[in-house]
Amino acid sequence: MSSKPIVPLIEYEAASEEVRAVYDDIMRTRNVDWINNFWKVLAHDPALLKRTWETLRDVMAPGALDPLVKEMIYIAVSATNGCEYCTYSHTASARAKGMSQAELMELLAVVGMANETNRLANALRPPVDEKFQPRD
Amino acid sequence: MSSKPIVPLIEYEAASEEVRAVYDDIMRTRNVDWINNFWKVLAHDPALLKRTWETLRDVMAPGALDPLVKEMIYIAVSATNGCEYCTYSHTASARAKGMSQAELMELLAVVGMANETNRLANALRPPVDEKFQPRD
Amino acid sequence: MSSKPIVPLIEYEAASEEVRAVYDDIMRTRNVDWINNFWKVLAHDPALLKRTWETLRDVMAPGALDPLVKEMIYIAVSATNGCEYCTYSHTASARAKGMSQAELMELLAVVGMANETNRLANALRPPVDEKFQPRD
Amino acid sequence: MSSKPIVPLIEYEAASEEVRAVYDDIMRTRNVDWINNFWKVLAHDPALLKRTWETLRDVMAPGALDPLVKEMIYIAVSATNGCEYCTYSHTASARAKGMSQAELMELLAVVGMANETNRLANALRPPVDEKFQPRD
Amino acid sequence: MSSKPIVPLIEYEAASEEVRAVYDDIMRTRNVDWINNFWKVLAHDPALLKRTWETLRDVMAPGALDPLVKEMIYIAVSATNGCEYCTYSHTASARAKGMSQAELMELLAVVGMANETNRLANALRPPVDEKFQPRD
Amino acid sequence: MSSKPIVPLIEYEAASEEVRAVYDDIMRTRNVDWINNFWKVLAHDPALLKRTWETLRDVMAPGALDPLVKEMIYIAVSATNGCEYCTYSHTASARAKGMSQAELMELLAVVGMANETNRLANALRPPVDEKFQPRD
């Protein structure tokens, strides 16, 4: 038997006006007609829902970095932390933005490598090289 | 007093031929005339040094993804894991490959956000949406 | 198909006297008539079972901190580490001790925020302020 | 030699008006006359600075949970993640809000215990008990 | 409903010659007639598959450490990171190499303890003792 | 400037009788005449000090596993978590118990590899193979 979510999903029909306003903005911004489950559990705290959505919307929008690059960074962090939900949702988002299978696999090669060398450095504790010190 | 590395740094002059061959390839590939401390501690196991360097060299080379994007993914993982050495070395590499301050800050906004929502999902356990399931 | 536990559950009926003594203490202390699965897998090492239970019982008892606050700290750590079993069991315990939905959601807002700013600090490496140094 | 921050600290005098407005709000809200280094590195991205500060200010304010409890949750997460800066800054904040040495030590006993049992559960994979399933 | 893998499994029959060569080496080295799912997802990037397999094969072979000790170290890391797949696969491998139930439980007692004291040290920040500094 | 510990070190001379009894047992058990800093910070909570020491003493003693193997497992976990203090102290302990440089480097090759493949599995989510399911 698979586990239930820790708090029940709040569907659009049962949502307060405050929550519906966020759901509406999510669907409008993404140009979709459904809400994914992550928001339906956050909706138990409308202020947290609103703040998290608005931050995500702004942070993931085009800026200095390409939106697809940002989705790949999200996958990198989610794989490192082992977050199942986030891995599925952000891999789906990255694919919707055009990520190819080859790009996904190459991304993961980097993620694996970084997780490996992070531990070699943690265990052997080489001093940070003078040449790597940031310049003012 | 700052701590010493767990194993002493093996400098070029004191290195075996096997180690020197790797050091030479590092300098040639990167077009620099010095070796950073990470390799000098790995050199205590020449096979590990060689394998780690060759994998890094191949994984970080241009491929489906841009080398700068790969360095940014490395920073994302290193910040998530809290690896000090790797944060300094890969931020320096990313800057050498042209990362601007604005790109760094935007990258970190994504990394911070992903670490936040990873935990909201871990704690509330929403089921993975049917629409996020990979298509065969 | 859902996975089996790594070691079979040891039920009360099949348990050794040493294990039963711990199970009895768990039920008496918690005033319940059942044993949760975590203890049934630990029971493969009666010394580990006994030590872990007794430490948990003592650490989670009223002291300088309120038992409900302690359960919330447990949730914070379990969400940060992504431990599914611990998230379910300690959310259930916290609710049994009176945690409201509003308290859970506010707790998670803090957990999310802390996980975010931890990585911003890890990535940007600001020096610890002199004013934050502990006073003797 | 101790490492420099990855980006230089932006002091009040050198800050843009946008950044100063945030610095002013930090000092006013906390009723102090200085800015800690975390904000001085975030200031390289004024939007990230503003959003992070405002979220922190709102999340850590009195609500369903006591502000001291929230600081302790912050310490729990920071210790779990091994964030040095956050450990110093939030321990200092918790002490400023009245945390005693006994409360700190008891908090850490819970954090240590949770990190231990999280891994025992991760390794042995007991199924989540039916009785721990959330009720609708 | 249980989730699908992020990329479909590549079975032997459908695999390219390059992938089959790796699959053949896995079966020959391990003296088995089947391929586990980890390799079947990696096979989407034949270079990553080949490199990861060859590194694993070499790293886990007898050397300065006993192969069973290496499998136990793998379990320790996988439990610390909470990787479900790796926990199942490496516990199975360790058992195939002779790990007893008593050895598994004792291993996990150490893993739990290390995860606990790691956080006590992270939170209290004792200086590294002069006597623990490596000698040149 | 290096940071101070979060709580001052409690030296033997200034310690309570309860704390001295633990310090004495540490020195007797390890056959040394000094106390390392980890215990001197834990001493602010004598019950935590006593429980942590006694558990460590019992868990790390000879049993189903060799004491040196246990120290190596401790290093594996500490490197994975990035705990600086624990890396130095347990590497020193392992060396005192006879760990060679070759054994350390080989241990770290496994730790690095496990951290890498843990993330490849987390990101690609292969189902646990039927053949890896534990047998009752």
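Side notes on the structure shown:
Order of writing sets the labels: A, B, C, D, E and F. Residues in every chain begin at 1.
Everything below uses one rule, namely that a residue touches a chain if its C-beta (ideal position, glycine included) is under 8 Å from a C-beta of that chain, and two chains touch if they have at least 3 such contacts.
These numbers were taken from a predicted model, which means no experiment stands behind them.
Chains that touch both chain A and chain C are the following: B, D, E, F. Counting the residue numbers that touch the partner chain, chain E and chain F have more than half of them in common. Relative to chain B, the most remote chain by averaged C-alpha coordinates is C.
Per-chain Cα centroids separate chain B from chain E by 21 Å.
Chain A and chain F have Cα centroids separated by 33 Å. For the pair chain C and chain E, the distance between mean C-alpha positions equals 26 Å. Touching two or more other chains at once are residues 1-7, 52, 55, 78, 80-84, 87-88, 91, 102, 105-106, 108-109, 111-113, 115-120, 122-125, 128, 133-134 of chain F.
Only residues 1-3, 6-7, 44-45, 48, 52, 81-83 of chain C touch chain E when the two sit together in their complex. Across the complex, chain A meets chain B through its residues 2-7, 9, 34, 36-38, 40-42, 52, 55-56, 59-60, 63-65, 69-70, 72-74, 76-78, 80-81, 83-86, 88-92, 100, 102-103, 105-107, 109-111, 113-118, 120-129, 131-134.
Within the complex formed with chain F, the chain A residues making contact are 75, 78-80, 82, 84, 87-88, 91, 108, 111-113, 115-120, 122-125.
Partner chain D is touched in their complex by these residues of chain A: 1, 3-8, 47, 51, 55, 58, 128, 130, 133-134, 136. Here chain A touches chain E in the complex through residues 2, 82, 84, 87-88, 91, 101-102, 104-106, 108-109, 112, going by the rule given at the top.
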